[in-house]
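All chains are identified by letter, namely A, B and C, in their written order; residue positions are counted from 1 within each chain.
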Amino acid sequence: METETLWDWSYVAEILPILAGAAVVTIEATLIGFALAAVIGLVLAILRFAVPALSWPVAALVEFIRSTPLLIQIFFLFFVFPEFGIVLDAFTAGVLALGLHYGAYCSEVYRAGLEAVPRGQWEAAIALNLGQTTTFRDIILPQALPPIVPALGNYLVALFKETPLLSAIAVLELMQTAKILGSETFRYNEPITLVGLFFLAMSLVSAAAIRLVERYLKRRVAR
Amino acid sequence: MGVRSLVAILALTIALIAVLGSQPQWAVFMPGLLEGTWITVMVALLGSALAVVAGLAAGLARLYAPTPIRWVASTYVEVFRGTSALVQLFWLFFVLPQFGLSLEPFTVAVLGLGLNVGAYGSEVVRGAIQAVPRGQWEASTALNMTRPQMLRRIILPQAFVAMVPPWGNLFIELLKSTALVSLITLGDLAFRAQQMNQTTMRTIPIFTLVLLIYLAISLVITIGMRSLEGRLGKGLARGRGAR
Amino acid sequence: MTMPMVRFDKVTKRYGPLTVLDQLDLDVARGEKVAIIGPSGSGKTTVLRMIMTLERIDDGVIYVEGEPLTHMTRNGRLVPADARHIRQVRAKIGMVFQHFNLFPHMTALANCTEAPMTVLRLKRKEAEERAGDLLAMVGLADKRGHYPSQLSGGQQQRVAIARALAMRPKVMLFDEVTSALDPELVGEVLNVIRKLGAEHDLTMLMVTHQMGFAKEFADRVCFFYQGRIAEQGSPSELFGAPKNDRTRQFLRAVLEAG
């Protein structure tokens, strides 16, 4: 039945609760995915920094991940594990893919942060005979991390905006839910537009939040 | 990494694809994948062209246009940057028909990806123009040039050289985003891969080849942009030099 | 009394709470060579930048050859000028900058032909002839095909002078044009300026720290202090027998440093 109205508010009211539930899934995927990415990125960066032999292989891996589509990586992880006997559910596979993909990006950010710490800090640590681990943990990382927080924040937002890709393996996040609603009622306008507005709103809010963090960090350094 | 090393890696990648692709168990996938690659490359090329046009238009508009046009450009940029490419593709594919405008998947792909990357591109354009040293503006003013003359002859030529590396990154992002068009039924490389995988479940051969092909195209883009940067930068004393 | 080439009429310039130029009155006669000296922050560079319309006036009027620069007369009253008027008057003024500001993507010759072709609409042949002559005058005829990155600081500054002269201005502004140069390159630029002063009937205003050059070259020296002219006079008067305390202080400090 072709409806004439472009925007049906009662339909909106109907689907809003369903979309809200899906939004929770989206946010879960974002947070877990980013937590993974932050950790993987740090591990990769430290490996590259501390173990010269691994420098080239890690760099190659990072470039490979950054040069190929996230969607393919999601498919790959989802379908390849069963071949080795492990069956991952879609959510886990998706979050894993997000974590690996953005872990590669984060590792570059960490690398920049580490390289920005003045050489003199390393030399002072050696002069004081601090061990490698202590140096890293107490001297280098505390200086390397704060300046790169905004860059990491940008990747958090980027990851959030890529969660719709998980719809390709049927994870019930926002995009998949919107598509299902649309296909059930043949009204795609409201669900997809609402999802779009949700992402837009979150994007603007997080951009403002990152700017605040940037300003806060600048003041700390200035003092 | 110099252009030479990149070309070497590209050669290696293509060799690997050729070797693996001629393995009896793997060769069966090659024709289909290559067909998909053609679609992917076409979408990437046309989408990139649109992105450059949109990015230049929006970037210049946000800097120099009268307020109403500037407002339109800003809205375009914020909306397309704030929502993800897939949402935009789905909106164009599923929602536009309900307004009476039904577009081919290929058109939706080029339009959606081009406008998406163009929004990010407008920021690159703005940044590059604003990075041109103030002294260039002042010298041009002292020589009594009009603003359009200044932009055309002095500022933009210098800005273009600075723009090449970031645009290179954006073109690679666009290439990666082409995989999304498989989700609106366009028969690109990702679509073929998924299709073949559904029917044969031979995940490793299919996706290994697919990842290598994307890597190869990615390298071609990087090499192209580096060479362009090198040729444009002739005469300009750019401190950045070779990365 | 003949009309001054440049006249500042109670010109004031403020940056927020800071008054950089304070109701400045200044007349420069046609063909006069004026050196402007003073401590940093005294407003001397601002004077040049305002003539070149790189800074806006807060109060007062600047006249060039009798015509207001950033104002125009309409119905007998002074109103802010439109772009066309400003460009018309600005065409008489040329400027050389402390950091040269050459166009890095163009050769020396192209730097000098760009504005004559684009703004004055000269044909390429004519513009290249003019540029070639000027580059020869500043001693760089053999460098016309070189890019700025291939030239020394002194050479770049000389190209910058040729570039400004290619527009045939009546007033030339020199903003600390040797301050960014290595000491051994200063002389070649000053020589070109000397030559300019001798051969052309140019009105020249220069902000400079080269006291020796100012003494020998200028017709008049103005000492700026806190946005006003504290003292002005012929070089022998100002350098030989300064009347103002501040002038004496400044000259002493400069001599000690030199």
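One rule holds in what follows: a contact is a pair of C-beta atoms (placed from the backbone, for glycine too) under 8 Å apart; a residue touches a chain by one contact, two chains touch by 3 or more.
All values derive from a computational prediction rather than experimental measurement.
Chain centres defined as mean CA positions place B nearest to the mean of all protein CA atoms.
When you average the Cα atoms of each chain and compare centres, the chain farthest from chain C turns out to be A. The leading chain pair by number of C-beta pairs in contact is A-B.
Centre-to-centre spacing of chain B and chain C amounts to 47 Å, using the average Cα coordinate of each chain.
If you average the Cα atoms of chain A and of chain C, the two centres end up 55 Å apart. Averaged C-alpha coordinates put the centre of chain A at 21 Å from the centre of chain B. In chain B, no residue touches two or more other chains. Residues 52-54, 83, 87, 90-91, 93-95, 97, 99-107, 114-115, 118-119, 147-149, 160, 163-164, 167 of chain C are the ones that touch chain B when the two sit in their complex. Chain B makes touch with chain A in their complex at residues 78-79, 81-84, 86-88, 90-91, 94-95, 98-99, 172, 175-180, 182-183, 190, 193-194, 197, 201, 203-204, 207, 210-211, 214-215, 218-219.
Interface of chain A with chain B (complex): residues 6, 64, 67-72, 75-76, 79-80, 83, 161-165, 167-168, 175, 178-179, 182, 187-189, 192-193, 195-196, 199-200, 203-204. Residue ranges on chain B touching chain C, taken from their complex, read 133, 135-136, 138-139, 141-146, 149, 153-154, 157-158, 161, 235-237.
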